[in-house]
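Look at the two complexes coming up: chain A is in both, with chain B in one and chain C in the other.
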Partner chain A sequence: MATALPTLRRNWLVTMRAYQWTYFVGTLATGILTVGLAYLAFHAIGGGRAGGGFAAAAGTADYLGYVTVGAAASMFSVRMVLWVAKAQITEQREGTLESQVLAPARRLPYLIGVGLQALTTTVVEVVVMLAFAIMIGVRLPAPDPVTLLAAFVAASVAVFGISVPLSAIMISVGEAHITQNTLFVAMGLLCGFTFPPGYLPDPLRWLGEALPITSALRALRAATLEHAPLSAAAPDLLLCLALGLAYLAVGLRLLGPAERIAIQRGGSA
Partner chain B sequence: MIVTQELRKTFPGQRKLFRPAGPATDAVDGLSLSIPPGAVTGLLGLNGAGKTTTIKVLATLLRPTSGSVTVDGLDVVTHAREIRRRINLIAGGERMVYARLTGRENLWYFGQLYDVPRAVLNTRIDELLELVGLTDAAGTVVERYSRGMRQRLSIARGLINAPAYLLLDEPTLGLDAPIARDLRAVVANLARDGVGVLLTSHYLAEVEQLCGHVYVVDRGRLVAQGSPTALTAGTRLPHTVELTLAEHAPAVSAAVAALGAEFEVGVDAEERPTFLLRSPEDLAGELATAVVRAGGAIVRLEVNPPTLEDAILAMAGASPAVGAESGRAAVAAR
Partner chain C sequence: MRAALRVFAAEGLKQHRRIFGSKLVVFSMLLWPVLTLATTYYTVLPVTEAPGAADRWPLVAQPGRLLAFLAAGALAYTFFFSLVQSAWHFSWERVSGTLEAMFLTPASRMALVLANGSSALVQNAWLFGCFGIAAAVATGTLHLAHPGMLAVAALALLVPAVAWGAFLNSLLMFSRDSAFLYTLLDDPLWFIAGVRLPLFALPVWITAIGLAFPLTTSLVVLRGALLDGKDVGDLAGQFAFLAGLSAVLLGLTALLLRVGERHAQRTGSLQLF
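After this line comes the complex of A and B, so read on.
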């Protein structure tokens, strides 16, 4: 933690000076729009009822609750990916990658520090979004606290894990937008933020299972919508943790060579 | 001691869409050098000579393609983290610090990355801010700093871990003359305190002033090495002596010719006779004696010895063939 906490503090200082409201409003607006549009569609098109097919695929007939949890998870995932995956390429763009790599500090605690800052910010954003959802009439049952905590930890590991190889890709190719948006599109399509992955063809569904956010979402919904005990959510939690840690291990392995590629590209004389 | 043996760094050819990759480039090609503690060692060459790549390999930022680099016996590839505790790099160009943090916050953050003990860190930050003249601006966000102030902060960052070896890549680039002079004094003091310093600089007067030993590279290869004085003398570049007489003296030209050096005769703006003498040795004394004995009255005598810059340019022009071979021989003999 010798590097994580100073990095958390550094990122807070930078955020408060440079992006006091922009990221907060941007992330929050996405969540509020997702829930707001789902609410309008549910009442204007669906007549306030979800079809039987939805209940069978989603495991719940509470469409708005389903979308609200998905929107919260989406905000959380996007924020974490934006900060953790882009941490190194931001260092590169600001000219500090070399001074950071030059220090003996390890990458993992550094990225944990970046992730902690994203986590603290996104908790506030999610709370505000949930308040909006409740205000417009979405009813969220009291979650099972232990399962929710376990799902939250597993989701954090999952999103953090997938961000690290993404960071390596970004700095090695020197590009962030195409990389991050490709992941966001894949996540939006495959992971089940706003509709059950059961609607997807089998190959896409299996592809979605390769992203740990899919199982994290199932665990989060089990905790919040179904009041499931820890044992019921355990398979999804374990799958999510295993995938997240696997992505993390691959990412940490790739990060060193990716940094050298980025530094090499920075000048060869 | 930092030691490189037959260090080679090859960059692969750049790949472009639907086109074959370009040829690979040897940025560093068989370079052997040593940087002892307690001394400033120079690394000179023209642009593209491979200086920055060499420094990045020594700093563990890049890995050598072949050859070896050790710092106090530790290999840069297998013991990179341990080496990073012992070294630091200061590069010119005022980057390497966080624009949205204050000067003090930057040094605090880097101190944490280097795991500098808390009991030491705050005192060291104060000392470094004082050293680079940023005490009054310590609480100002770096994006409001001038270019020179950023570079000074970057220098303080490079000293935050009290490195045993300091790699300086154009450290005075963009600095005002008084600050550059102060930095040179700091570097000299660090060397006196036992720090091993490797310096690259386009300001060759800086190198002449600070470095006891200089390596000259061209296109990644060692061309020559030695003290600045020895390097300058070794190129056999001519000293020039400019002499102005009060009035024409018929015997002087013959006396100058008798010295056996190449010379030109002319007149200055006041129509006084002038002599410009070029010789591998400094012939000012002999020239003055000969002129006076021939009845000439000297009103001006100016001696211009060859500079290190002249020597570097001459060596770069003479490489690759002969220079590279002599360089390798010199390294082997060292």
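After this line comes the complex of A and C, so read on.
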């Protein structure tokens, strides 16, 4: 707590002073345009309907609802990964990674502080996007509040979990742009944000299952679109939590060696 | 003329060393577009399988043609986006202090901004090649009136793209903030230009805005020439529009460069960051 809360506060100050609108507009545009694309295609090409294969693969016939929940989850995941995974390489670029290593603060609370700040900003962005979706006529049924809350927690653990090994990769190779965007386009294809992963060839589908976001999305959709009780979503929630914690554990193990490599290589990130 | 050619050669060498010679460019120019293309294909697939979809958009009756339609969009978009990227790199000249040095030399300003865009495109020509081969292998998707249309399509992509790149570069004379290029021209560009949807699916006002972006019309020509077997006569209107738009963009570029340089001379802003 002694590390997490001050980090949360510092990152809020940085966002409010330096990057108020850049991040906000960037994240929001991606979500809104994804829903917009689905909306236009649904009406102009599908004539307000999706093919029968979709309902079978997705478990719901509500194409727009499916894409909207996916777009919200996508904004959430991308933003969380960007903040948490890039926290340390940003410290390195700004020249404060050494100070971080010298300070007696532990890494996990520091990253949790970064994650909490990301969570608070992202929730605002997602709410604005959902308001847009409702405005253009997407109807989301009333969710099951307990399942939704559980899915939200599991999804947060999942994205936090995969961000930590990513952070280790970024500081050890001194590169963020290629690493982060490759992960994002892969996630977009594999995790089922905008279409059911059942459409993918089997090897890709299994690759998607290795990312905890895939199971988090199933739980989120069960809560929002199907009003599923907690027991129905439990297998996906447990899978998501287990995978997320496994990534987190591996990531925390890797951070120490990665920091050593980063500092030996010097300040050029 | 010789001086301008030397500017082109130098800019090409610089970009090759800084950006396109690096192996990492395979990610941004090939891997990302291909994965994004697959995502787009699967995202619109449920809608194209809806009953009656083929009446509204005949192309969806064959998944191969739908994929080719989206692939042509991805190709043209990647081409144009590489220009946004080189304009973004151009803004680093200001950060590293070489923008002012470039404007101290007698090199033609127009040659500088044109060279920036066109060398990006020349170095991305392999991408066009990969697409051509992939389309030819997936038999039945490539449908040309005659082989010459391949060159015509390439030209309809290249010339407006260079004009677009020059225009973007001239905008950076005025602004020190290049992040807006990325935020404003990444996602919104594919949306309004009909990269992932046929133009008829877009509302009229979005199509109208889209016409101001050369990518929109370039894409109509590219798809018409490569996928629908149209010849020069069928696409004459689009060619005239593209030529006009390119001329307007180049005119604006010349104007902005002159005004921008005078502004910079007065305020000394070229060395500010």
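We take it that the second predicted complex is superposed on the first by the 266 of 269 C-alpha atoms of A that agree within 3 Å, B and C clash if a C-alpha of one lies under 4 Å from a C-alpha of the other, contacts with A are read in each partner's own complex, and residues count from 1 in each chain.
In this section, a contact is a pair of C-beta atoms (placed from the backbone, for glycine too) under 8 Å apart; a residue touches a chain by one contact, two chains touch by 3 or more.
Please read these numbers as outputs of a predicted model, since none were measured by experiment.
**Student:** Mind checking chain B and chain C on superposed chain A, clash or fit?
**Tutor:** fit
**Student:** Applying the document's definition of touch, where does A:Phe152 land relative to chain B and chain C: first, second, both, or neither?
**Tutor:** neither
**Student:** Should A:Gly46 be classified as contacting the first partner (chain B), the second (chain C), both, or neither?
**Tutor:** A:Gly46: touches chain C, not chain B.
**Student:** In degrees, to the nearest 10, note the angle that opens at the C-alpha centre of chain A toward the centres of chain B and chain C.
**Tutor:** With chain A as the vertex, the angle is 90 degrees.
**Student:** Taking the superposition on A as described, I'd like to know which of chain B and chain C A:Trp83 touches: first, second, both or neither.
**Tutor:** neither
**Student:** Please tell me which partner, chain B or chain C, touches more residues of chain A.
**Tutor:** The partner making contact with more of chain A's residues is C.
**Student:** May I ask you to decide whether A:Tyr247 touches chain B, chain C, both, or neither, giving the answer as first, second, both or neither?
**Tutor:** After superposing on A, A:Tyr247 lies clear of both chain B and chain C.
**Student:** State whether A:Leu102 touches chain B only (first), chain C only (second), both chains, or neither.
**Tutor:** First partner only, chain B.
**Student:** Looking at A:Phe160 after the superposition, I want to know if it touches chain B, chain C, both of them or none. Which is it: first, second, both, neither?
**Tutor:** Neither partner.
**Student:** With the two structures laid over each other on chain A, which partner does A:Arg17 touch: chain B (first), chain C (second), both, or neither?
**Tutor:** So A:Arg17 only meets chain B here.
**Student:** Look at the superposition and give the distance in whole angstrom between the closest pair of CA atoms, one from chain B and one from chain C.
**Tutor:** Result, nearest C-alpha distance in the overlay: 10 Å.
**Student:** Counting contacts the way the document defines them, which residues of chain A are shared by the two interfaces, the one with chain B and the one with chain C?
**Tutor:** Touching chain B and chain C on chain A: no residues.
**Student:** In the complex, go through chain C and note every residue touching chain A.
**Tutor:** Per the touch definition, chain C meets chain A at residues 24, 27-28, 31-32, 35-36, 38-39, 42-53, 56-57, 60, 179, 182-183, 187-188, 190-191, 196-198, 200-203.
**Student:** Spell out the residues on chain A that touch chain B in their complex, using ranges where they run on.
**Tutor:** 2-3, 6-7, 10, 13-14, 17-18, 94-96, 98-106, 110, 260, 263-264, 267-269
**Student:** For chain A, which residues are in contact with chain C within the complex?
**Tutor:** Per the stated touch rule, the residues are 22, 25-26, 29-30, 33, 36-38, 40-47, 49-54, 58, 63, 67, 178, 181-182, 185-186, 188-189, 194-195, 199-200.
**Student:** Taking the touch rule as given, give the residues of chain B at its contact with chain A in the complex, in rising order.
**Tutor:** Where chain B meets chain A, its residues are 11, 25, 27, 47-53, 56, 59-63, 81-82, 84-85, 88-89, 91, 95-101, 105, 108-110, 112-115, 141, 157, 161.
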